[in-house]
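Look for chain A in each of the two complexes below; its partner is chain B in the first and chain C in the second.
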Partner chain A sequence: MTGFDEREPEAAELVRPYVITKGRGLPDEEQLSLITLVTAASDDQQRPTRLSPEEQSLLELCTAGYLSVAEIAGHTRLPMGVVKILLSALTEGGYLITRPPVQRARLADRQILEEVLNGLRTKFG
Partner chain B sequence: MDSAPSLDERAYVRGGATQTAVKILVVGHFAVGKTTFIGAISEIPPLSTEETMTRAGESFDDLKGVRSKTTTTVAMDFGRLTISDRVVLYLFGTPGQQRFVQMWEDMARGALGALVLVDPERLADSFAVIDLIEQYGLDYAIAVNRFDGTPDREHRALREALDLLDDTPVVTCDARDEKSSADALITLVRYLLDRAH
Partner chain C sequence: MTRYIQNPVLWALLVAVLGAVVVIVRQRRAARALRREIEELKTHYSELETSYSKSVEAEKERAQDATKTVLKSAMRTLQGLAAEQQLIISGLQNKYGESVILQDLLEIDHTNSQFGRRAQSIAVLCDGWLGRQREVASVYDVVRSAQGRIRHYRRVEILSQVDFGITSRAVEPVALALAELLDNATSYSSPDTVVEINIRTVPKGVCIVVDDAGVGMNDEERAKAAKLLSSERVTGVSGLGSPPQFGFAVIGVLCERYGFEVSVDSDSPYGGVRSVLLLPHDLLTGMPDKKAPAPSVPAAPARDPHGPEPALTASSTGDGLPRRRRKRPMAIVPGTASGTTSTSTRSGAETAAIMGAFQRGTQSGRATGADTADQTSSTRDASSEGHEVS
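Now for the complex of A and B:
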């Protein structure tokens, strides 16, 4: 199985951000945060030929399950800004589903913190 | 990006369709043990990313052809821990450098809190990081990362030197050890929970 990790480290360096993002600007942070979870909308759809090779590649990476935006940048070794732009274009095109993190709220925080605490204790306690 | 990507299935978030992602920052000065800490706890090999130094909304036109001039890249690293069927925790590590404003904003926004790794022999190096964490309004705990041969200093002296609040937790940890690192994280989360009440 060939993963991103086996590729040459310079690969990302050779990619010109302007070209692969088609000159688009950075998306709103509310739309795609580092921990927004992303997956392909459907795994059996035909990959549209209108997509750039980079977009097709990202879409394919997202087909087998959910990854955070940060993980997608880590695996592809593309700069974060470039990844966000490509992902938001794919989302707008309906190719991707995104799960944004919850809005911070005191009650939600408490429940989540309790769950994190219990989870950590169970795992490492 | 011309090769078809394929990752091991364990690389994907388990139960992603129902997961809520949360994050905690692991910060500290250069070489204090951030990557080691994240690696000790993470269920995936730690990943890192580059950040382009443009501000949100700025066009990538600016980067055309002169990437090295208009952008600086900086690595942040991170790991992941599936807490339950409902919560997946990300740990983001970065050195405390104020000039990487965009990266700090992205990392700090919505974070549950921060664990500040401190080398007791280089306390002064931690001031800037702690300032930054306070500036972003994040609650934090201190993990004193002991290196071989370092004497176990009084936590009281360290509190004074770092000018900590009375209730800020200070815990000793060895970032190379999973259990020890987890204990430091548990101390932080317990504190965050207290603060949320």
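Now for the complex of A and C:
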């Protein structure tokens, strides 16, 4: 992340982030948190040319598989919130699928596990 | 006769006649002198008049130059401050990108951009500094930059793109001129209408067409605009009216100085004004290298899925600047990406076998070691997460 600060210190970005987001507001935290997983809706490249370069690069990034919002933001040079706004817009447009973060597995019943363990022991010795 | 001679009346008459003659002659001479004086005065007066108007003209020019100089340096300060503030805001946006403050930061950024643009416009009219030189940028990005400098940027829609870049020298002037066009377009059309931008390639270069759905211009306004856009406009900031209308004057100066063309003499299909900014070929270049490292990421594993070193793969892909490549914070990504691609090529059975082996390993580990409840639960979590991911 510190890499971004090394750019020419006197030149701000030509295209400002609020133009990239087209003035849209931040999505809800429930809708898109840092660990929400995101992937492209379909692999085929039938993307409309109306998407901005930033949106297209986000889509490209997401085609490889599920990535968390935090990871995606790390790969762009945009502020986290801006990435969130773009991702939620892309999701609304049907280009992306979001999945709530993986739940922590509940502690399984110890008894069942022991039974499984015993079963495995008897089978594999 | 002698009777007459002796008559004093005759003498008196004579004296009177002589006196009269003398008086008349004198008067005549005086009149002539006066007339000459008047003539002289007249020429003198006209001389004075011309020299006066000349000096007034010169003084006016000097005053205008002085105003220009003062404004120029004042604007230079303001522009510098606006640019500085923009940098600070950028820093804040990156720093607080995750918080709700971002929304407000974006608003501040927008206001700051408008403020910077105003200062820039006045500077342009005073033959001043335009701002720092930018890197080569795509036409699309320059248009978006212009879009960000006006108040109602949300109403602007860019409908098409071209694969051209704008030379670094022309990036800022084109963005500024286009911003003035967009400002006019959005100010003179109703707030619920959209201003459309089409970018087209034409034989002479690239056209940026701005259509608004406003009320359009009448002939007088059109003539005035054409005059401001042409080289016969008045220079300087005086005569722009109050509130001052910078737009066309600024565009005129920029067109002349940087060699692009702007015309506003046609109607848009929506009834408003269609303004066209024509970029000639010598202001155009190829598309700039993509700045964002993101787009090249999926390409890296695709080209060389078993790249031994992620860094090596990254430097060999694309044609981006090595400087950017080096500081990319995501050299890990090609590695992980190639990892996922290799797992995805495994068949289901292979995956199952691997997972089974893993399970067996943990089993045997637990069997030999003292299996406390904590250890088992943590392994359980780890393995269940592993299942979820694969």
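The rule is short, and it goes like this: the second predicted complex is superposed on the first by the 85 of 125 C-alpha atoms of A that agree within 3 Å, B and C clash if a C-alpha of one lies under 4 Å from a C-alpha of the other, contacts with A are read in each partner's own complex, and residues count from 1 in each chain.
Here is the rule we go by: a residue touches a chain if its C-beta (ideal position, glycine included) is under 8 Å from a C-beta of that chain, and two chains touch if they have at least 3 such contacts.
It should be emphasised that the depicted structure is a prediction, and the values quoted were computed from it without experimental measurement.
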Touched partner set for A:P53, first chain B, second chain C, both or neither: both
Partner chain in contact with A:L34 - chain B first, chain C second, else both or neither: both
Partner chain in contact with A:G119 - chain B first, chain C second, else both or neither: first
Which of chain B and chain C A:P101 touches, first, second, both or neither: first
Partner chain(s) touched by A:A73 [first = chain B, second = chain C, both, neither]: both
Chain B and chain C footprints on chain A, overlapping residues: 1-4, 11-12, 15-18, 20-21, 23, 25-26, 34, 53-54, 57-58, 60-61, 64-65, 73-82, 102, 104, 110, 113, 117, 120-121, 124
Footprint of chain B on chain A - complex, ascending: 1-4, 7, 11-12, 15-18, 20-21, 23-26, 28-29, 33-37, 39, 53-54, 57-58, 60-61, 64-68, 70-71, 73-82, 85, 99, 101-102, 104, 106, 109-110, 112-121, 123-124
In the complex, chain B residues that touch chain A: 1-9, 11-13, 16-17, 19-23, 44, 47-52, 54-61, 63-65, 67, 71, 73, 78, 80-81, 83-84, 86-90, 92, 105-107, 109-110, 112, 178-179, 182-183, 185-186, 189-190, 192-193, 196-197
Partner chain A, residues of chain C touching it in the complex: 83, 86-87, 89-91, 93-94, 96-100, 102-103, 106-107, 109-110, 113, 132, 134-135, 137-138, 140-142, 144-145, 147-148, 153-154, 159-161, 171, 175, 290-295, 297-298, 301, 327-330, 333, 337, 340-341, 344, 360, 363, 367, 373, 376-377, 380-381, 384-385, 388-389
Residues of chain A touching chain C in the complex: 1-6, 9-23, 25-26, 34, 49-50, 52-54, 56-58, 60-61, 63-65, 73-83, 102, 104-105, 107-108, 110, 113, 117, 120-121, 124
